[in-house]
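Consider the two complexes below, in which chain A is the common component and chain B and chain C are the respective partners.
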Partner chain A sequence: MKFLVEQNELLGGLQIVQRAISSRSTLPILSGIYLSCEHNILRLRATDLEIGIECTIPVQSEAEGETVLPARYFVEIIKKLPNLPITIEKTDEGIIIIRYGSSEVQLNAFNPEEFPQLPQVEEIHTVTVNADLFINAIKQVSIAASHDISRPIFTGILLEFSDNNILKLVATDTYRLAYREIILPGTLVNNFSCIIPSRALGEIGKIFWSDDNQIEISFADNQVLFKVDSTILVSRLIEGQFPNYNQVIPKDYSSRIRVLTKDLLNSAERASLLARDEFKNRSNVIKLNISGNNLTVTSKSAEVGNLHEELPIYLEGEPAEIAFNARYLIDVLKVIDQEEIHLDLTGSLSPGIIRPAEDKHVLFLVLPIRI
Partner chain B sequence: MPKQVIFHIDVNSAYLSWEAAYRLQHGAKIDLRNVPSAVGGDSATRHGIILAKSIPAKKFKIKTGETLFSARQKCPTMIIVPPNYELYMKCSNALLKLLKEYSPKIQRFSVDECFMDMTKMDKFWGPPLKVAYEIKERIKKELGFTVSIGISTCKLLAKMASELKKPDGVTTLFLEEIEEKMWPLPVEDLFMVGPATTKKLHSYGIHTIGALAQTDPRFLQNRLKSHGLLIWNYANGRENSPVRENVAFEIKGIGNSTTIAFDIDNLKEAKMVLLSLVETIGGRLRKGGWAARLIAVTFKTSDFRVISHQRKFSTPVDCTNIIYQRVEELFSECWNGEHLRHLGVKVGELCTNDFTQLSLFNWNQERLRKLDKTVDRIRKKYGAKALIRSSFLHSGISPLSGGIIEDYPLMSSIL
Partner chain C sequence: MERGDILLCDLDAFYASVEQLDNPEIKGKPVIVGGDPGKRGVVSTCSYEARKFGVRSAMPLMTAQRLCPQGIFLKVNMPRYQEVSNKVFDIYQSFTPQIEVVSIDEAYLEVRKGQGTEIAAKIRKTVREELGLTVSIGVSSNKLLAKIASNMAKPDGLKALWPDEATRELGNCSIRIIPGIGPKTAERFRQYGIKTIAELRAQTRKWFIRHFGSRGEEIYKFVNWVDERPLVLDRERKSIGEEITFSEDIADKNQLLNVLNQISAEVGYRLRKAGYHARTLTIKVRYSDFKTTTRSKTVENLLYTDWDIYETARNLFNVLKKNKPIRLLGIQVSNFGKDIQLSLFNDENEKKARLADVVDRLNNKYGKRIISSGLGLPMKKEELR
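What follows is the complex of A and B.
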């Protein structure tokens, strides 16, 4: 194997595939990046067996071949080289020589035959989505996904395609729920749904730029593949039945509050500071009291102090009183990019519904705290 | 800043003397403190260790932490009583209440130790030494147990002072007295010098607190890092942390474990033992008004390997069924069919349970809460075994098992 490549192009590719490497992997070879060179194309690949990322970059190849290099050293070395053409060559002993200017680095390599192939995705459905929309939707929905691995379903995001060309994304950790729909151009043949690990979707936002226009998504029985140009990400799907989320979204409300997103976010963040202390109180409870055109935010911690804030709002319906985990409220408010939100409540024990005032496609449920 | 006056009050063999005082008040003929006796696990089954011992038991070379079996071999006539943590908490609270009459600034350092800030209190109570004797005598008379009181100008020296005369003593250890009273002591008697540090200090030829105090601090810092400097300061009586008033005395966690009378080799029985442990923990948690975020499972296999597994959950719980569900999950993740000798469950990261995070897809939450409440009430009124799960009938497994061990904050480097 021998090829000539531009430093910045190689680094770009390495930084993309590197995202699939898990620091917790127990197989040494999985700490490496696979390289194969053929017909002026260099293919890079990395995987932790749950997700895999592959991309190709143009090179001038002199000899074909493949190798696996330890990501930690390889990426760091390339990162520290000047932006110049680099020659990478494999010796007969399998050692890799990286040449730049009149200098060189030699790296010991893994046996490329041991590196796993990415699973073949035998697609059943393929759809194309606008990258900007999709990445933004993931950002909003993934806040509600759980990190508790004992209930795998809740660590994923549900993608549900329905006949009127709507893609619905849903995530919940049972304490909150995030819902977002995207209208897809063109028609879909079938309705179907699957649960994708939220980690895999999180990587989408990091490896595909939003000006990448379209993302092609192919679904198979237990795999999903995302593709933009020459970069692909393959992930396994989470098996199981996502709970019926429609059933838990309240259809109406007894109080609707319109409030400036920033106002409520800043207030909740301040209140959160006084809602917990080191010993007695780990609850992070903040209380909202709504009456007239006024929202009162309060929080207290016996050891630290207390907070009382008043925010101007528009109230439609009855006065209300409710308590939330400040964290859950803050997470939601942070991913809403509109100026105003609606907060819909029905009593102090039903979920609060938060949505941007001018957007019908997004909705968040936050379950209250009983006090 | 005026000179501080700090008292350190240390209950002498706390668990044992509290038990003895309790028994005397309830008509016992013998005082446990005057005969070889110890507080330890239940020895009718095959488990338990010595938690505290009487002074006569010390003569038989019985050590805290050794098994009841080996203690019995050294002294067959020894009286062993089971631990009673509720009693200890009561005694500790009674002690605190009495001390509060003398100073508002009290730090409960552990279940049987307090620091009191008595600075400028001589206006009310007269000289420190006099009031210390008064407190000590009142505790003996009113509460029925003895304490040692140390008096100094900082917490460290007060604590060292109370160690000097045990039991039932009052000792001062002011800065000008350390050379005479503290420096001759072996270095391992100094607070924060544990077995590992002792070994290292011995290897440098430092055997007494005085020798430590006169060592070049740079040498110690080189060898023992910041800890070296800390103990050097302590050896010289330098320490200035304030008496921290605890808003409430916090327990860190609640643990419950049991050695099974026979080895368990199947999941069904293992789960039942876990359930019986959780039953007790759940009740205890709710009684204290706590909910726990951290849940841990431990087991010991028949070849004495100990395996444990824990997880932190996003919402704290106090519900027996939910705790059990999590315990079961943790257990099945780490058990590979080994024969089990000992099983334990622990909960930690406690917070108050006066709030509940509601959740979706969990319609039972409210009903479970009511169920727990009702069960607790029945058990309180008619006894713990008045209401048991029918799955335990004819199983040979106790429906509520284990002796609850409350994990009080241990003394740490933070005085």
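What follows is the complex of A and C.
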């Protein structure tokens, strides 16, 4: 194997596939990046067996071949090289020589035959989504996904394709729930749904760009493949039944407030500073008291002090009082890019519903704290 | 502030006494509280009548039945015991606000210096007259001697033991009377030819440290009747815990899980009564060779029901090495909170919590064990067979 490549082209590709490498992998070879060179194309691949990323970059190939290099060293070295052509060559002993100018680095490589192939995705459904919309939707919904691997369903995001070309994305860790719908152009064949690990979707926003225009998504029985040009990401799907989220979204409310997103966000962030309990975990309770055209935000910490803020709001319905985990409110308010939100409440023990005032396609539930 | 007199008040055979109180027909009979001897389980408490047959706490119920076939075996009715315990503590409270709750049936009280013996006598009289229970009380100037004195006072006695008398009075006693010296430590001292308190006191501080390390230093202080531990008052309490030291080391896993189960019920009841949820659970295991291990877990969903506590404790217990018999098991919950984050799709947990509240309330109200669920916890089908 021998080829000539531009430093910035190679680094760009490496930084994309590197995202699939997990520091928790137990197989040493999975800490490596697979390279294969053929017909002036260099193929890069990495995987942690849950997700796999592959991309190609143009090179001038002199000899075909393949290898697997330890990502940690390979990427760092390439990153520190000047933007010049680099020659990469494999010796008969399987050692990799990286030549730049009159200098060189030799790296020991893994046996490329031991590197896993990406799973074949035998697609049942294929859809094309607008990259900008899709990446933005993931950003909004993924805040509600859980990190608790003991309940795998909640670590994923539900993708539900239904009539009228609507794609619904839903995530919940049971303490909050995020819902977003996207209208897809063109007609779909079937209604179907699947649960994709939120980590895989998080990577989508990092390896693809919103100006990539269109993302092609292919679904198989237990895999999903995302593709833009020559870059693909394959992920396993999470098995199991997503709970019936429609059932838990309140249809009515007894109080609706309209408030400036920024106002409430800044207030919640300040209140959260004084809401840490003595053990610094969980709770993080802030209280909202709604009456007239006034929202009172309060929080207190036995050791530090307390906070009391008044925000102007527009109230429709009854006065209300409710307590939330400040972090859950902040997470939601940060991903809403509109100037105003609606907060709908029904008593102090029912979920609060937050949505941008002018957007019917997105909705967040935040469960209150009983105090 | 000058330290006052310390009282260790210990209710005699508490669970069994409450049962005898509620059911006069079994008064004077060997009552064994723990459960049905046909099932797995261990003795929680037994009456003094049963102790005559050799029945002891933490002994498997089946063994207890063999030793005492005429024994009256009863299930643990924690809410009722807690109710009676509260009444006893109310009485303590009327004498002094300085109370350290050790367990459901044991407490240290601090009273004004010089009044210890007098107040102890009044407490014993009041508890007997108002509740029909006997409480043994040890009186001294520190917790150590108060504890030793109460053991000497039992059952139904009062004993004052001051440091200047302790040496003379305890000189010929076994070193086992010192809390913390169990059979294994006693055996190690015996290898140096030490059996009595007098022989132990003949050793220098250096000798203790050389042979027993930091524990040795503690024993040295104790045996010179020095104990500076203050009372830990209830409002400063940041954890609720229970531990049991077995009369004999236990190796059988099922028997250990049964003990864990019983401790969970007791800790759970006290936790709910205090109006708290806990975030952290710690189990403590002491092996036959005195190596002590603790394991903690801070949980996502707050601990509230006996079942939450048992499940978490069992998971921690299951990953511990159990290649040696165990002499002590304990559970402690801490990191209290009162705020509950509500959640979606978790009906099960909410229901269990509400069920625990209702059962506690009903049992409190009607006193008798009108509701109990086997060992207090759901069992797997195969365990029921």
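Heads up, the rule we're going with is that the second predicted complex is superposed on the first by the 365 of 371 C-alpha atoms of A that agree within 3 Å, B and C clash if a C-alpha of one lies under 4 Å from a C-alpha of the other, contacts with A are read in each partner's own complex, and residues count from 1 in each chain.
FYI, a residue touches a chain if its C-beta (ideal position, glycine included) is under 8 Å from a C-beta of that chain, and two chains touch if they have at least 3 such contacts.
Nothing here was measured: the structure is a model prediction, and the numbers come from that model.
After superposition on chain A, the partners chain B and chain C are seen to clash.
Within the superposed three-chain model, A:Pro356 lies out of touch with both chain B and chain C [touch as defined at top]. In the superposition on chain A, no contact is made by A:Gly156 with either chain B or chain C. Once the two complexes are laid over each other on the shared chain, residue contacts for A:Thr174 go to chain B and to chain C alike.
In the superposed pair of complexes, A:Ile369 makes contact with chain B and with chain C alike.
Of the two partner chains placed by superposition, A:Pro197 touches none, neither chain B nor chain C.
Touched residues of chain A were counted for both chain B and chain C, and B has more of them.
Within chain A, the residues touched by chain B in the first complex and by chain C in the second are 148, 172, 174-175, 177, 243, 248, 279, 281-283, 285, 323, 325, 349, 351, 365, 367-371. On chain A, the positions that touch chain B within their shared complex are 146-148, 150, 172-175, 177, 243, 248, 279-283, 285, 302-303, 323, 325, 349, 351, 365, 367-371.
Within the complex formed with chain A, the chain C residues making contact are 279, 298, 300, 335, 337-346.
Residues 247-248, 250, 293, 311, 313-316, 326, 329, 349, 351-352, 354-362 of chain B touch chain A in their complex. Note for the complex: chain A touches chain C at residues 148, 172, 174-175, 177, 243, 248, 277, 279, 281-283, 285, 323, 325, 349, 351, 365, 367-371.
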